[in-house]
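I'd like to ask some things about the structure below.
Labels A, B, C, D and E are assigned to the chains in the order they are written; within every chain, residues are numbered from 1.
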Amino acid sequence: MRTHKVFIVFVFVVVWEVVAVLANSRFLPSPLHVGTTFWNLLSSGALFRHAAVSLARVLAGFLLALAVGLPLGVLMGWFPKMENLSVIIEMLRPIPPLAWIPLAMLWFGIGFQSKAFIIFIGAFFPILSNALLGVRETEPYLVEAGRVLGASDSQILRNIILPNSFPSILEGLRIGLGIAWMCLVAAELTGLNPPLGLGYLIMEARDLGRADTVMAGMIAIGVIGYAMNIALRQLEKRLVRWRP
Amino acid sequence: LSQQEGGIQSIDDLNGKTIAIPGKATVQDFLLQRFLRDNNITATTIIVGPPEMIQTLESGGIDGFIAWEPYPARAVVEGEHMLLVTSREIWPHHPCCVLAVQKEYLAENKDVVLAVLASHMRATAFILENPQEAIRIGVDFTGMSEEVVSQAVQTIEYVYEPNYAGIKDYLEQLLEMEYVSSDDVGDMDTFLGEFVNSQLIEEAAAYSCSNLDRIVRMGYLRADLHQLALFVALDQGYFEEFGLTVELYVFSAGPQEMDAFGSQDIDMGYLGIAPATTKRLNLGIPIVILAGANNEGSALVVS
Amino acid sequence: MITLEQVAKTIGELPILEAVSLSVKKGQFMCLVGPSGCGKTTLLKCIAGLRTYEGKIRIDGRLSQGINPKIGYVFQEFSLFPFLTVKGNMEFGLRIQKKPRKEMDDIVASLLDLFLLQGFEHAYPHELSGGMQKKVAIARALATDPEILLMDEPFVSLDAQTRNMLQKELLRIWNKTHKTILFITHNVDEAVFLADRVMVLTRRPATVKEEFLIDLERERDRTSPEFVSVRKEILKELEEEYVEQVDRGYKGL
Amino acid sequence: MRTHKVFIVFVFVVVWEVVAVLANSRFLPSPLHVGTTFWNLLSSGALFRHAAVSLARVLAGFLLALAVGLPLGVLMGWFPKMENLSVIIEMLRPIPPLAWIPLAMLWFGIGFQSKAFIIFIGAFFPILSNALLGVRETEPYLVEAGRVLGASDSQILRNIILPNSFPSILEGLRIGLGIAWMCLVAAELTGLNPPLGLGYLIMEARDLGRADTVMAGMIAIGVIGYAMNIALRQLEKRLVRWRP
Amino acid sequence: MITLEQVAKTIGELPILEAVSLSVKKGQFMCLVGPSGCGKTTLLKCIAGLRTYEGKIRIDGRLSQGINPKIGYVFQEFSLFPFLTVKGNMEFGLRIQKKPRKEMDDIVASLLDLFLLQGFEHAYPHELSGGMQKKVAIARALATDPEILLMDEPFVSLDAQTRNMLQKELLRIWNKTHKTILFITHNVDEAVFLADRVMVLTRRPATVKEEFLIDLERERDRTSPEFVSVRKEILKELEEEYVEQVDRGYKGL
């Protein structure tokens, strides 16, 4: 498996190289060029500083989304009445993070919080959505079995619904995490002091026309996002050993 | 001088304050740095998108900002804030927006380029001669209030001569700060000679034609009063007089317009000198600057 | 003590239960038999509070409302928690009752012994055979030692020996703890072997057709003439319902 | 249910009104003010023109994401080997749509396609992800039952896996659709001719400091997104009648 | 014709099957009995090609590789497609075979009749009782008229009358179509009633313990002395395994 994956990444890089050579455009720098830039950014420590700031923002927004979205999704799946909230949620869901920026700045100023809010907006809905799905898809017989063993509503939620919908919840986390990173550029578009962050790095490089740095930033986001995704998968493997 | 609640009345009050710029390597970035250096002030600069500058100023997140029109004018009109200095006072006649053309397009469609240039020059003259009428056109095109537009045009110097000296000055600063590499620039005068074409202006002045029957794809920036000449030319039908149809593409910022030049999706366009220069060099996007659209037109705003 | 008064249930257009009235005294062992699909499971679920119904159900004299903690239930269908091990499943009710760890371990150990499941405490349900799953489900219901046991074909899928052994064990536990047991089975032999009373239900919509008091000494001899004769009578009642069903083409809707 | 939902929207508007009055800021307009703006945009036909253009872009990107993401997700869930592709996918997933813009313009120019591509980027990953989840969570006994009835791989996919994972797939579509709309502003940031689109409307209003129009645009996106979501739910109700 | 040569299977550390060799001739009816959890289901799944194994399995002389389209299988556990109606489930195999609509409808209609499920053709599995679900599962396997039938406790959860009726129906079908049938049951009575040969398996790891040829006229009389005596002998064999199991504490792992 591992060698397969390395191979696939290798093929991807080769294809990119070929396309880059054929296109011969500064807009599409070759992997080697991007790699050099990446390495320079890394060894100068700049990449690390950008990444650390972004990671903090993404984590804050993501954890907030988790803290609000997961319980809300579970409750909405559990209490039919709560499902009515979906009317607000489904309306807020499609609104672009970029459109939230003015309001986020108004509410939270230019600091950390407004960035976390933008990321929260992105991660919140899929987490909620998949938690709700997991709860709703729990087979009724499991709930009944819990009931006749004397479990209260909250015990059924904790001891049956949650473990049973874990795969679906984790998928929601994975999607939410991906979107949290997706919202990073929007979050780091404005109000930066100091001007740090991978999203900022990308947009500055883009404004200056540094395609290699843009790609280095994209790769940094890709790699960190991938690593966090792997961490979630490991968590799943450990917690969902019971699947056939 | 009396200072109420840390308010800024004079230039010296800026010491130690936080001032927002729209982005690194923008003209405003250099204006502010020059201003701070000239006045021996230290201040923190942070990046805030221009649309959020006014509200951030009001919520206390920053003490001042430097931006292009119409944001200073809006701050004055809507929020009763104050222009501490205009960019004219910091760097007189500094270059700002320009009219650029795709190099290849210029070579193959010189007549179209001349027609656009001639229209641009006529429009600029119109603005200078009929400021009130120009303001009306600006209001129509941008949807801003008349108050804002008339406030804004006061700080903008409408020109058509390409500001060779100013661009050179700016480029030197870019090199100094390593936003562009000297490898790409090579010999400065050779580069600028190719990048800034000052001759076509004269040729355009004498150009006449009424049946070009051509389409030109033109980029411009959303709600940017620096590009008033374009709106005037459209409004007054100057392009049509040449038999030219202008297909307009709107962008939210100069760097994006440069990308469109790069992907050859537009032929000509109005945009800021900063993205035009940096992306010309860093991405090798072959554009030529034909004319200025305006000089100056930015200001430092405080509460 | 379980009392049903005119309990009825209709799902959609289909009447499932019709005017079921019966009562099981405290400490009694009652078996329910009836044709396939007649409504036995539905009836048991109504008693457990897992289904809504018309009419009245009383548990120890009080109108039943929702789930009663006195009741233990063995489901007919697969009902183990797939995300818990054998041990986790057996412990579930004890955890709910917040029993101390030590006590839980003791109970689970003795259940593992009783059901010959030693060595499988850490296996997940999908790693068990059908019969083993059934045994875990029974063990889970017994673990909390409920006053009332509702059992829906618990011994199905077990080999004859295990079945016999568990029948005897159930009787022993019942004797010792004076549980009230309501037990569904298709195995008339089993019903007569276990129950104080056997209730025969009609074809759907189910209602009580006939009641048999089994007044035989325990442990009962399956070959004794009394045993065989009651067994035959019950089978005859069931046969009637079956024939009726076949004649009417068993139209459901 | 319906009245509950209306009530919840009503509460939301009232809270907003109160907050707006308390904040008394021209950056947070009251619902009434926004409502008037919305109505003016609607009656002038402007909103309709913006919405129609955006809808076309979103639909194109979303349908493309569906056409690629759904089969790919199903295949990745079905063939263990295909799962190795996840290494690329999980790396591309977190990259912000805004960062893709330069490449999108390079590949697809400035027109409809590059806008659809940005939206595709957003909608693709959740659709793929939830399809994969649905396939992987299909109980093995269903596949075995199909096998012994002689079903071939493709028949098992079509006749068992797909109907069985429908709820999960639909959740992915719902999430993907939400994100498609979320990416609208990013997609409409650049190179518009004519200058139409709800994302454009919002960003122009933001430049001009028209908070009421920004919000009217957000509401328009919210309402259209909600309507499309309802449509998906109706589809689910009709196709998943078999749930207990 | 099914031939097993030294078939063995181990899951993890646990040996399930050990050197199972047997053969079922074409048109034969063989029953498998054995203690709960000994490996019967595993053996049947190996034959169906649903599990990997060591050793050799031949179907009609050819080494079995993967699923064999000649084989029909009735699962022990719930196995209906929850997203299909009763009719949809019964039709599934026929659709796979791309049978014309008319033929499918005829087959489904006769199966609905046979299993007394008329009126339920549009019901989904979760709307059926346990016994009804079992019947649909059997019907689904019969629908495609496979040459070989592997049946894992098919008649469990059915009332005595339905069970008897279906036993006879199965024999009738078998007689008419000369199917090869391998049938798992815990009901020794059922095994002796149905089979040409009854194979007793040992406790886990399962291997063949003893084979009984049932050479009685059909339709068999369950009370005939021969019947009763074979039944007893088989039960004795099973008892031995059971006792052994209990003695050894049935340690699984």
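What we mean here is this: a residue touches a chain if its C-beta (ideal position, glycine included) is under 8 Å from a C-beta of that chain, and two chains touch if they have at least 3 such contacts.
Owing to the predicted nature of the structure, the values given are computational and were not obtained by experimental measurement.
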Task: Shared interface partners, meaning chains that touch chain D and chain E - done: none
Open item on the list: Report the chain whose CA-based centre is farthest from the CA-based centre of chain C.
Closed with: B
Task: Top-ranked pair of chains - ranking by C-beta pairs in contact - done: A-D
Task: Separation of mean Cα positions, chain D and chain B [Å, integer] - done: 36
Open item on the list: How many angstrom lie between the centres of chain A and chain C, each centre taken as the mean Cα position?
Closed with: 49
Task: Distance between chain centroids, defined by C-alpha means - chain B, chain E (Å) - done: 84
Task: Residue numbers of chain B (touch at least two other chains) - done: 51, 55, 259, 262-263
TODO: For chain A, jot down the residues that touch at least 2 other chains.
DONE: 25, 27, 101-102, 106, 189, 206, 211, 244
Task: Touching two or more other chains - residue numbers and ranges from chain C - done: 77-78
Open item on the list: Run through the chains and report each pair that touches.
Closed with: A-B, A-C, A-D, B-D, C-E, D-E
Task: chain B partner contacts - residues on chain A that touch it in the complex - done: 25-27, 101-102, 105-106, 109-111, 189-195, 200, 204, 206-211
Open item on the list: Which residues of chain C touch chain E once you look at their complex with the stated criterion?
Closed with: 11, 33-41, 76-78, 116-120, 123, 127-132, 135, 153, 156-163, 186-188, 235, 238-239, 242, 245-246, 249-253
Task: chain D - residues contacting chain E, complex - done: 141-142, 144-152, 155, 159-160, 163-164, 166, 240-242, 244
TODO: Provide the residue numbers of chain D that touch chain A in the complex, in ascending order.
DONE: 1, 4-5, 8-9, 12, 25, 27-28, 81, 84-85, 87-88, 90-99, 101-103, 106, 122, 125-126, 129-130, 133, 136-137, 139-140, 167-168, 171, 174-175, 177-186, 189, 199, 202-203, 206, 211, 214, 217-219, 221-226, 229-230, 244
TODO: Enumerate the contact residues on chain C facing chain A in the complex.
DONE: 45, 48-50, 67, 69, 71-73, 75, 77-85, 92-93, 95-97, 124, 126, 140-141, 144
